[in-house]
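Just so it is clear, A, B, C, D, E and F label the chains in written order, and each chain counts residues from 1 on its own.
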Amino acid sequence: MTSDFQRADGRDLDQLRTVRITRGFTSNPAGSVLIEYGNTRVMCTASVEHGVPRFKKDSGEGWLTAEYSMLPAATHDRMPRESMRGKVKGRTHEISRLVGRALRAAVDLSQLGENTINIDCDVLQADGGTRTASITGAYVALADAIAVLKSEGVVPGEPLLPPVAAVSVGLVDGHVCLDLPYEEDARAEVDLNVVMTEAGNFVEIQGTGEHGDFSREQLDAMLDSAEKGCRELIAAQRSALGI
Amino acid sequence: MTSDFQRADGRDLDQLRTVRITRGFTSNPAGSVLIEYGNTRVMCTASVEHGVPRFKKDSGEGWLTAEYSMLPAATHDRMPRESMRGKVKGRTHEISRLVGRALRAAVDLSQLGENTINIDCDVLQADGGTRTASITGAYVALADAIAVLKSEGVVPGEPLLPPVAAVSVGLVDGHVCLDLPYEEDARAEVDLNVVMTEAGNFVEIQGTGEHGDFSREQLDAMLDSAEKGCRELIAAQRSALGI
Amino acid sequence: MTSDFQRADGRDLDQLRTVRITRGFTSNPAGSVLIEYGNTRVMCTASVEHGVPRFKKDSGEGWLTAEYSMLPAATHDRMPRESMRGKVKGRTHEISRLVGRALRAAVDLSQLGENTINIDCDVLQADGGTRTASITGAYVALADAIAVLKSEGVVPGEPLLPPVAAVSVGLVDGHVCLDLPYEEDARAEVDLNVVMTEAGNFVEIQGTGEHGDFSREQLDAMLDSAEKGCRELIAAQRSALGI
Amino acid sequence: MTSDFQRADGRDLDQLRTVRITRGFTSNPAGSVLIEYGNTRVMCTASVEHGVPRFKKDSGEGWLTAEYSMLPAATHDRMPRESMRGKVKGRTHEISRLVGRALRAAVDLSQLGENTINIDCDVLQADGGTRTASITGAYVALADAIAVLKSEGVVPGEPLLPPVAAVSVGLVDGHVCLDLPYEEDARAEVDLNVVMTEAGNFVEIQGTGEHGDFSREQLDAMLDSAEKGCRELIAAQRSALGI
Amino acid sequence: MTSDFQRADGRDLDQLRTVRITRGFTSNPAGSVLIEYGNTRVMCTASVEHGVPRFKKDSGEGWLTAEYSMLPAATHDRMPRESMRGKVKGRTHEISRLVGRALRAAVDLSQLGENTINIDCDVLQADGGTRTASITGAYVALADAIAVLKSEGVVPGEPLLPPVAAVSVGLVDGHVCLDLPYEEDARAEVDLNVVMTEAGNFVEIQGTGEHGDFSREQLDAMLDSAEKGCRELIAAQRSALGI
Amino acid sequence: MTSDFQRADGRDLDQLRTVRITRGFTSNPAGSVLIEYGNTRVMCTASVEHGVPRFKKDSGEGWLTAEYSMLPAATHDRMPRESMRGKVKGRTHEISRLVGRALRAAVDLSQLGENTINIDCDVLQADGGTRTASITGAYVALADAIAVLKSEGVVPGEPLLPPVAAVSVGLVDGHVCLDLPYEEDARAEVDLNVVMTEAGNFVEIQGTGEHGDFSREQLDAMLDSAEKGCRELIAAQRSALGI
């Protein structure tokens, strides 16, 4: 933990990569956003469907579900296409479920009417942090989709809750680094993904000692860094949405 | 067939939509292109893998294969994700096979060494003509990937053949229309996809009377229009590649 | 293209193989036909089901769908059974879709009532041209099935349209050859499948330069040959049906 | 159990349906047989592959495997195609395994060399007894395939063992009936399938009280009838093979 | 068949392994039983669901279905988990179907109301005879589940029929041995599974000459032994149930 | 958060349910443990296979992988069997991956030789906390399996690392509750699973605001409670293993 530790891209330890949020990236879905965390690029869309899944029928409430996927050529070495393999990998399932839970924390289903919002996060280019970028971008797409619903008059209330954003933080050579690119992520001792609300509360934390375990103190330091990152990401969401 | 037939977007009957070809759209694959035929947008990548499938082992030749897919939110109404359904639709299979055959006509496998080129065409936004845009864009990605291979010295010869491009043409209300957007495609009596070489020869023609059959004369008129379209598309490919 | 080109089976360039159509090949389906193009033998059946798929519900119209399959021992070397592999090959999907489109051109769905006709084409023995034989044979099975429906009084109108038949034509050593057996098909430079109505119009054309491309002149010569072949096949259909 | 019990097709209680065995039904597989038990028609083929599955590698022995399938239009009401459903039904698996075990009793694997024989039994028309007809027919196809192997000099010994045949017998309205057609099979209280060698020994017996149980005495009576049936079927096999 | 044949575990030829039946093994299903035939241990549960499958709708009758499965670590060498392979093996399907048929012989569906009983037999430890232990144990779970249904007042009549039990018997070195453990099962010439009612009638018999065929006399001797075994198993069922 | 909050089972807020660990639960796998957290019962086995997956070939290191599954009748309402559905649920995948990561933190792969340990966690009865019980139980099975490997002399070094255990903690009506049974888990605002080493470091933490988010202070309180629980669970592991 000498003072001469340097991140490959020259960032400070608690500095985000450049974040870019492009609304209206495609025109068919109600919300369509391209989000970039440095070289990581994810297309996040929010499509609206009338009606809800069976377990929500006649509840008067809406539903939100999410699917995450990597394009085969998104990674450094091309990965086989999951549709051709005939099954979805565990990692994909896991992230889809995470994105769904995170975004449901940003919507008041009781105000949505019996409508379903389908979030799709398709990674065009992967350089670490694809799941966290997906969540942050999907919130913006969700906001746009809800605005469409409201303008169409099909939403009875105000379903959009304040922003939710996500970032990764890790221990790299013993240093707490924010927003890991692939190169750092692959060799990090610990990887922590944090989903946070604007109020500074956690929606989800997932910390994994991939190559080692981590102490309570290290966790605390990582959470501090993540909190700083999420606040900046929420500012970027608000700026993109002009709210 | 009165003279007051008008295309919804105001184009002449034998006019292409605006074509845009963006090279280097993403950075991981050897070739990565965003092609646009009007509102249709397809990300076409060419990834290189050392080695060949079993049926080509020890042949001294390379191989090229292609996969086409639509992102779920590419269409007006979101379509279920094929990886989640656990199987690929017949349409997807059919187009993947078409793209593969078309691109193999643009590469001399005997000059490629025992390398495999994987073409991926992922439709980000669909407005008709996704299969033809895929072919035209994939040629540019292929050219870039082969240039990488050559610069790395792993390709023994000159595998790239002259351009191959593709366009759709159809009978709409009895009129031969070039490069159909979704709105025309959906109501066309006949739909013809043509893949053509720079020399003006056909690599593939697929004509379908979706809502009616077509005479030899109508076929001839459609082929004339397609030929004009392909020539313009090949010019756009050459311009994008600077060759 | 010297004059000493000879087809292995001694046929003229534009001569069909012997065509045999056996009606009532099996007794359970409403229509059941064994069609033979030389050594290619396909069992074509048309089964009738009351009701229509969801997208046709309450339309007052019927539907027709088709499935093509090869028995594992139909080919020279036994092929793995698709049901055991757990997925259908792209080629199978593609041909099933082709057969369905072709046969829908031979039935007026608005006259069928809300009934579904399932066409099954199961190749018992394969020697080239299985998809075209399937279409030609399936028309006869369809005609028989519609006759059953009419005799049962469940069909309101006259759904059967005039015959549709199909044939392959190809360029073999530069010669336009009609109705390719496997040996010619495997080495043909170009393979063109043509589906034609009795009126001489095209329902579908699919031309592929498997080992080379083809000029407009070659296409014209192939279409001439295919037209001759389809006319003879339609005569065989009419003769088999006694209409 | 009054004396006025009559079988719908007028047969005696212990009388087989007419058995027809057509060798050389198709030409690609080494053995190809159409077997008919009345209206039940099954195409049975035996294809030879050099090499054996992994668990038999370097054993010096061969292997035999079998697959049974119904064409979708074989039954009175069309059944969905298993390849399209993406999975094979339990019944199909069960019969494939039965056919494999039965035929392995008719071949001396130690005399086969490291070759694999694939038996395919595809039911063209079903009217009860399809699994037993499959076994009886497959023996004849197996004999033909082994003759081919011997003529090619690739089989070191004499792998063919004496005939194995199979028949169903059941209790219908309390009467022991041999070789049940569909109509009897569907309402039989008990259904017993028997696979027997020429020496009169059992290879397999499977008795099921579908709609009731059965006593030891009833079992004995059914076995007597099955034995008579199998002897006649073996005579038919020998007659077809001219041995 | 000399008199010095000894079973590895010292049992008499017609002696069962120790049978243990533990009711209430788990608490969520209506019936839950652990059955042990020596070292073979199967958890058998009977779960009740209101409603019936489509083919039984509005029949006024209930339904019973069964699934059998081996835990991956149940066998000496761990076997791949079927859920991960994405398909169920033929053997599993076959046994599930057998268990279902056997148990349906122990329930009067017309007295069950429109309820479905799901039998699950999960093998915790396998040492031969898992399918027969499953049947014997599942009867006890079924009895408990029906008692629950009756106590809840949802069953109109008395659906439980007298006990059904099952045992394997085989020819090992020419000797008829009852209740084969894995070591005997693997080398048995013949394997016969018998499902019997308390009245001494057969519900199902399945005899297979895995490594040889078997004569009528050998079958008779095996059935005698199996009958003795089933009577003792039914006594154990009655004792466990206290009826 | 009034002082009259009571847990349904009367436990203190930071009290574990009764933990029982039964070694040698089944005899075929090298390690086999039944672990109980109150009414939650999981069979955890560790099976050893010689050799490693491809990505570890010739590394000189071993591998450990894990699969988690629920028996269909483990839950209050029976759940469909995943092998029959043909695909594994996202939740199952997610937990299997978690268990694998957690257990790899308890084994020094470099000391294992090129052997693979397969952990199977099959839930016999579910009452909350099945994933955490799986991890805690699997450590004991792993220890037993490694002892077997060492006694067989196939393990070069000392692969077993100090214990790893896991527990859930949640916010229920605003109270931090340790080791949630199903009833509490279903209504908890927040659910946190913690995997900890004997040294008190984290291997994994997964916190989810299912019905609400959580503050940093609440997280700290939950981590305190989880740490207490893990220490007690590790004592139980040591006691069971007698180490």
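The criterion applied here is as follows: a contact is a pair of C-beta atoms (placed from the backbone, for glycine too) under 8 Å apart; a residue touches a chain by one contact, two chains touch by 3 or more.
These are the chains along with the protein names UniProt gives them: A, B, C, D, E, F = Ribonuclease PH.
Fair warning: this is a prediction, and the values are worked out from it, not measured in the lab.
We define each chain's centre as the mean of its Cα atoms; on that basis subunit A and subunit B are separated by 33 Å. Our note on geometry: subunit D versus subunit F, Cα centroid distance of 51 Å, whole angstroms. Of all residues in subunit C, those touching 2 or more other chains are 86-87, listed in ascending order. Taken as a graph of touching chains, this assembly forms a single closed ring in which every chain touches exactly two others. Ring order of the chains (start at subunit E, first neighbour subunit F): E, F, A, B, C, D. Subunit F meets subunit E in the complex at residues 26-29, 32, 39, 41, 43, 45, 47, 49, 67, 69, 71-76, 78, 81-84, 86-88, 92, 118, 120, 122, 124-126.
Across the complex, subunit A is touched by residues 87, 89-91, 93-94, 96-97, 101, 105, 197, 199-210, 213-216, 219, 223 of subunit F.
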